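Comments concern the structure below.
Naming follows writing order (A, B, C and D), and every chain is counted from residue 1.
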Amino acid sequence: MALTRREFIKFTGLGLAASSLGMLGFGAAGEAQAAAVRPFKLTHATETRNTCTYCSVACGLLIYSMGDRAKNAHSNIIHIEGDPDHPVNRGTLCPKGAALLDVVHAPTRLKVPRYRAAGATEFKEVSWDFALDRIARLMKDDRDENFVEKNAAGTTVNRWTSVGMLAASASSSETSYLTWKVVRSLGMVVFDNQARV
Amino acid sequence: MSDLQSQDFIRISASTMTPPSARSHEDQVAKLIDVSRCIGCKACQAACMEWNDLRQDIGHFEGSYQNPDDLSPSVWTLMKFAEYENEQGNLEWLIRKDGCMHCADPGCLKACPAPGAIVQYANGIVDFVSDKCIGCGYCVKGCPFDIPRISKVDHKSYKCTLCSDRVSVGLEPACVKACPTGAIMFGSKADMTEWAGERIEDLKSRGFSNAGLYDPQAVGGTHVMYVLHHADRPSLYSGLPDHPQISPVVSAWKGILKPLAMIGIAAAALAGIFHGVTEGPNEVTEKDEEEGERALNETEKTP
Amino acid sequence: MSRPNTVIVRYTAVNRVNHWITAICFVLMVLSGLSMFHPMLFFLSALFGGGQWTRAVHPWIGIVLLISYLGLIIQFWRENLVEREDIEWLKQAQFVITNEEENAPEVGRNNAGQKIVFWSMTFLIPVLFLSGLVIWEVYFGEATSIPVQRAAALIHSLAAVAAIIVWVVHVYAAIWVRDSMRAMTQGYVTPGWAWRHHRKWLKELASDPQSKHLIRKRP
Amino acid sequence: MTNTWQDIKNANIVVVMGGNAAEAHPCGFKWVIEAKIENGAKLVVVDPRFTRTASVADYYAPIRPGTDIAFLNGVIRYLLEKDAIQHEYVRAYTNAGLIVKDGFSFQDGLFSGFNEEKQSYDKSSWDYELDDQGFAKSDDTWQDPRCVINLLKQHVSRYTPEMVSRICGTPQDKFLHVCELMASTAAPDKAMTSLFALGWTQHSVGSQNIRTMAMVQLLLGNIGVAGGGMNALRGHSNIQGLTDVGLLSNLMPGYMTLPQDKDTSLDVYMSTKLYKPLRPGQTSYWQNYRKFFVSFQKAMFGDAAKQENDWAYDWLPKLDIPLYDIIKAFDMMNNGQMTGYICQGFNPLQAFPDRGRSRRGLSKLKFLVTMDPLDTETSRFWQDFGPQNPAKSAEIQTEVFQLPCTCFAEENGSLVNSARWLQWHWKAADGPGEAKSDIWIMSGIFHRLRDMYRKEGGAFPDPLLNVTWNYTNPIDPDPEELAKEMNGRALTDLTDATTSAVTKAGTLLDGFAQLRDDGTTASGCWIFTGCFTEKGNQMARRDATDPREQGIAPNWAWAWPANRRILYNRASADPDGKPWNPSKPVISWNGARWVGVDVPDYGPTVKPSDGVGPFIMNAEGLGRLFARDQMVDGPFPEHYEPLESPVENVLHPKVRSNPVARVLASDRPTFGDVKSFPYVATTYRLTEHFHFWTKHALINAILQPEEFVEIGEALAKEKGIEQGGWVKVKSKRGEVVCKAYVTKRIKPLTVDGKPTHVIGVPLHWGFTGQARKGYGANSLTPPVGDANTQTPEFKAFLVDVEKTSAPVTA
């Protein structure tokens, strides 16, 4: 085989592919098929580089969205595929990654803050201000009540054990860092993440 | 035909014309599915559904990882799983991606009665042009691999297009790109055949002495080929046909019967015409009328 | 030639309506069927509103055809029972073809040729119907295996071709044997027509008091 | 992972044990396939089930869940007995020759120092003999019976092939063939890689499972080399990052640990952190702990962290118990000790062991906050969903806030992958509706609380009022600014002691070596220093050039520490600095400095003759065949049965399971025995799904729509279970009613002479999303944690199974 596998994988990449496959002679077919086949849907879509949100292989993604980021065009993600330049996944994706579009647009994605009062049987939609004001109030009241400044031996311990936090597993390191700052500056110690499960 | 560049078709369904053949140097493409590298992850299925905007109804667990349970108008490719215990008593999990084989001599195209509803591009891709499809289901009968499925909604036939929309702009098909282990490769048919040879050597060195390429010549070879560890028994892989060919029944139906039937019908009509011209009409004569009247009257009088 | 004043009712109104329903269906079946059989004739699908319509209506017309033809069978099976003299007639068929019918044996209500048409269709139409059901994709696409469907498609085509040929013969005969058409349009024949083509039938009619009502003045 | 994903292709043997890489990490697994194709590698799979990975393996051996240590100790015995170890490597780079204290012993399943009452070990006897200077004594001839290698030989001598087979149920011939394949990589130019994941961690002996394989790898000389290493295939996209940034009860960013009550002052705290080298001339990262810590406090509290207040040491909370992990948190909830809980993108009702216990715990909270892009089960724990979530809403007094978040495609930021690469990603579109980023939400809560404390006062507000928050947009800080804060910058002009180069105040730092302990540098996460420098965002680099195509790609994104791609890469070369495998060198000594495709593991000019050990995280600089003080459950790995096991421990019946496993007394009654629950169950993931997220994605719901369990043909026949029929699987804690997949891929194992059936329980189904409703595997699993990491024992427990009919749903 004239091509090494590396080169082979390479030319399946988006940019290179067009020219290399064209050289192999697939281009001519293109002219004909253009009239018969489904129009290529990404021709002018905006391409954004991203990383898969699932496992830790961290496959590179190309996210295609409608619109060219003009002021009046509201970007909407229409397709996601692997980034052929990424050294690990080289354009491939697993069945989860290949279906990322459906999680971005899942019908069960949340759009509005919702609140369930004690004993209620349903959620009701609330404003962000209501939700965050109420959460902060609940947290402060409990912290003021249960904060431990010194232990029995008189050591300053400054901990708060009655409210806990579970951190995400897919949020960015920047989010994590900010979360750490908020959580620890409150003295929170019941703090964990999804590392084990 | 519409505004297609017909030079780039090498076969068109229900066409009595030989397609133009001036462009004779277009490379044939092929998808090579190396079953020995396939982990059955269904990334190809997901990528196919995502790219082609296909979503089957959510089904049930049916006692296998095979989901959905069958190909359908919205399932163009499907992983099939077979648990096989070999002669040594060791388990082999033979997983095969099923879908259109893009035959060089496509049975579906042969059977199709709607002009231009099935076409074969010069690069070998067999594509369904749904605009022209009449939903008769003949392609289902023509296919040696049981691939096309007719939609109950729009009554059109669907199957893998080999992502003709992607290939036409110089990209590989969506399943090929997604495949995490490189079990699906795409390139020129010559390159794929050669690469398959390397893979078969490797498999033989690992004890699969019957490893081989599945590129059945009875259908002129295919543009989707398999590297199989047990090329001597393709049917182990969830019923991949051992000897696929266009059924002789279909060949008879779509081959010899067509001209014979036309000749037969025409002959009957012509016979009539020539008979009419040579023998003329069989007319009732005046004498007949008289005789007839007489016969009627006679009896009337006799009772 | 003077027009006879007496005519013989050959087909009742019910007979005729039933026949023409069958005939129309059959023609539509031929046109739609052929359009899906040979690409050369695909243009015929335009008569039905395109390929999809053709594919969709063909089996439904087929159902009507079958029911309609069942009506014909019920009405005509008895008079088409094969008799010994049919064989004799067939042996002398060359005289019929060369318009020398007088040399052939006398014929009852139907001659052997007509009986062949009747029984051919009685055989072919159900065959077409049943094989058609197997390949009726919309409702029965998954009911049978693909090899069965392939065989059905072949049988359907063969039967259709046979039926078309029989139909061509039938239609030609109706044109060739002049005034036959009137029997199926207006329902009656002249005594001379009966004398010439179905003399035995005429004689039976004439001698059968039960059949008096079939002989009437020309309308 | 010690190595990169692509580096797997350099392996000669790939062992997948304690994981199912093909199923869980298909795109990473491609490099295993590449190894087979490009390098002629053999893939070996050891797993209770014939998995998707096994389907492409060259050799498969079955094993009973929870017996990996017995198997691997058997491998160690085999290697030592056949002398199939890489001698020079073991001598130079491991502690094989160091001499262990006299007090150390192992008897009847217990190591020395066990405290019955506390269910823990006093580890003081698990140490080396020290000489006058405080350095570890050693015997390079390995003659001393107390040197590590001899103690190890003695320890593993019980793990004969017969014993391994008796415990694991692995046929002896298969076990021995796996040993042979592994042993083939003792050659210096051959490498074996170990790929593992939750199949090892989710056991009461999880850490020891991994340790045992690490020891095998050290004996074979496979750590630090191309195609070698211990490669933990981490599960979530940024779980490495969250751990790196220290989002665990006892951690701070960069693996510094949160002070405990006993650390009454900064000096006391620091005294336990600064490692003293155990060998002359050894270097260690942790010698710089104070620099990392002070720089962190400066990032966290800015000018308020001063020399005078011990860099605001007291503003950090101190732990009274070692951990407030998830098991503890839900125990506290059930005991009414918790008021509120905030779940950020986490679905504990689905993820934690013993679902019923989780539901009861959440019901006792005053408030629950969930932050997630998706409608999670946790946020609806209070709602009745029939048998899959029977809840009496009216009786549950918990206030619940369900906050909608943006997802990966809708924000900028970095994620740390399994190979420690920090990769930047870009926003493609806005989130749906009113969804907001976690940064915006956490900032919103922060500002409200800070304002309240400013207005109202309250309990110890100092840290809250003084935490740095000088972002351009304080209500929604830019991820780039946060990344720069983690990277760190100079607070005053800094002059390098050796080169006299000056780093101007305010300049972003290039590496953690620039950090100081005098308050002149700030860095939010020292291991990330270098990720965002004055040259720009290093995490956004996209140069995929890969010298010699060896799978390093050093200019793609950025890896911690210091952009090093293969950890312990010093060990890829022999003591003289020549690569063990000349065709795949990682780094080598050119006479003046270390050169190669990767960033060397220590000072680029440190001469090989200086004898600095390659394992610079350890005080002795050597790979540990004897774990000294790091493991809480023993310096050598020992086979203990899972907490729920069908058999006795044939090695030491009195000590059946890990004596120091994390088990709360209140949970002991929830364990079942073999009489009522005769079958071994193990939970796992399917490749079509990611935890409990993808059931919300239509394609994935189509690809694997409905809950099922996998049952071997023999057991199915015995129980009259049909293919695809309904079954009820029960443990002492709960039940799952679902479909059965009767398969040839699970066969009964002969364990201690008795047939043992294994039932596989995939875990993806719940009661929200698009896939069909399910009970969830965690209805069955026990609340048992690994002794070291508290990871729940999801991989081995007991159940019963019976044929049943479809559940009645509302």
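Side notes on the structure shown:
Following the convention adopted for this analysis, a contact is a pair of C-beta atoms (placed from the backbone, for glycine too) under 8 Å apart; a residue touches a chain by one contact, two chains touch by 3 or more.
Because the structure is predicted, anything quoted here is derived from the model rather than measured.
Put simply, the chain closest to the centre of the protein, by Cα centroids, is A. Annotation: 84 Å between the Cα-based centres of chain C and chain D. Chain B and chain D have CA centres that are 50 Å apart.
Separation between the centroids of chain A and chain D, computed from CA atoms only, is 22 Å. Averaged Cα coordinates give chain B a centre that lies 38 Å from the centre of chain C.
The residues of chain A that reach two or more other chains are 80, 82, 89, 92-99, 101-102, listed in rising order.
Residues of chain D found to touch two or more other chains are 26-27, 30, 37, 687-688, 698-700, 703, 770.
Counting partner chains per residue, chain B shows two or more touched chains at residues 41-43, 45-46, 49-50, 180, 182. Per the contact rule defined earlier, chains pair up in contact as A-B, A-D, B-C, B-D. Chain A meets chain D in the complex at residues 5-6, 46, 48-61, 63, 65, 74-77, 80, 82, 85-90, 92-104, 106-121, 123, 128, 131-140, 142-144, 146-147, 149, 151, 153, 155-182, 184-197.
Within the complex formed with chain D, the residues of chain B that make contact are 36-43, 45-46, 49-50, 55-65, 67-68, 83, 85, 90-93, 95, 180-183, 199, 202, 206.
By the touch criterion given at the top, residues 14-16, 113-115, 117, 132-138, 140-141, 146, 150, 152, 155, 247, 249-250, 252-253, 257-258, 260-262, 264-265, 268-269, 271-272, 275-276, 279-293, 295-296, 298-300, 303 of chain B touch chain C in their complex. Across the interface of their complex, chain B is touched by residues 1-3, 8-9, 12, 14, 17-22, 24-41, 43, 79-82, 84, 89, 91-99, 101-102 of chain A.
Of all the residues in chain D, the ones that touch chain B in their complex are 22-23, 26-27, 29-30, 33-34, 36-37, 50, 52-56, 58, 60, 686-688, 698-708, 723-724, 738-745, 770-772.
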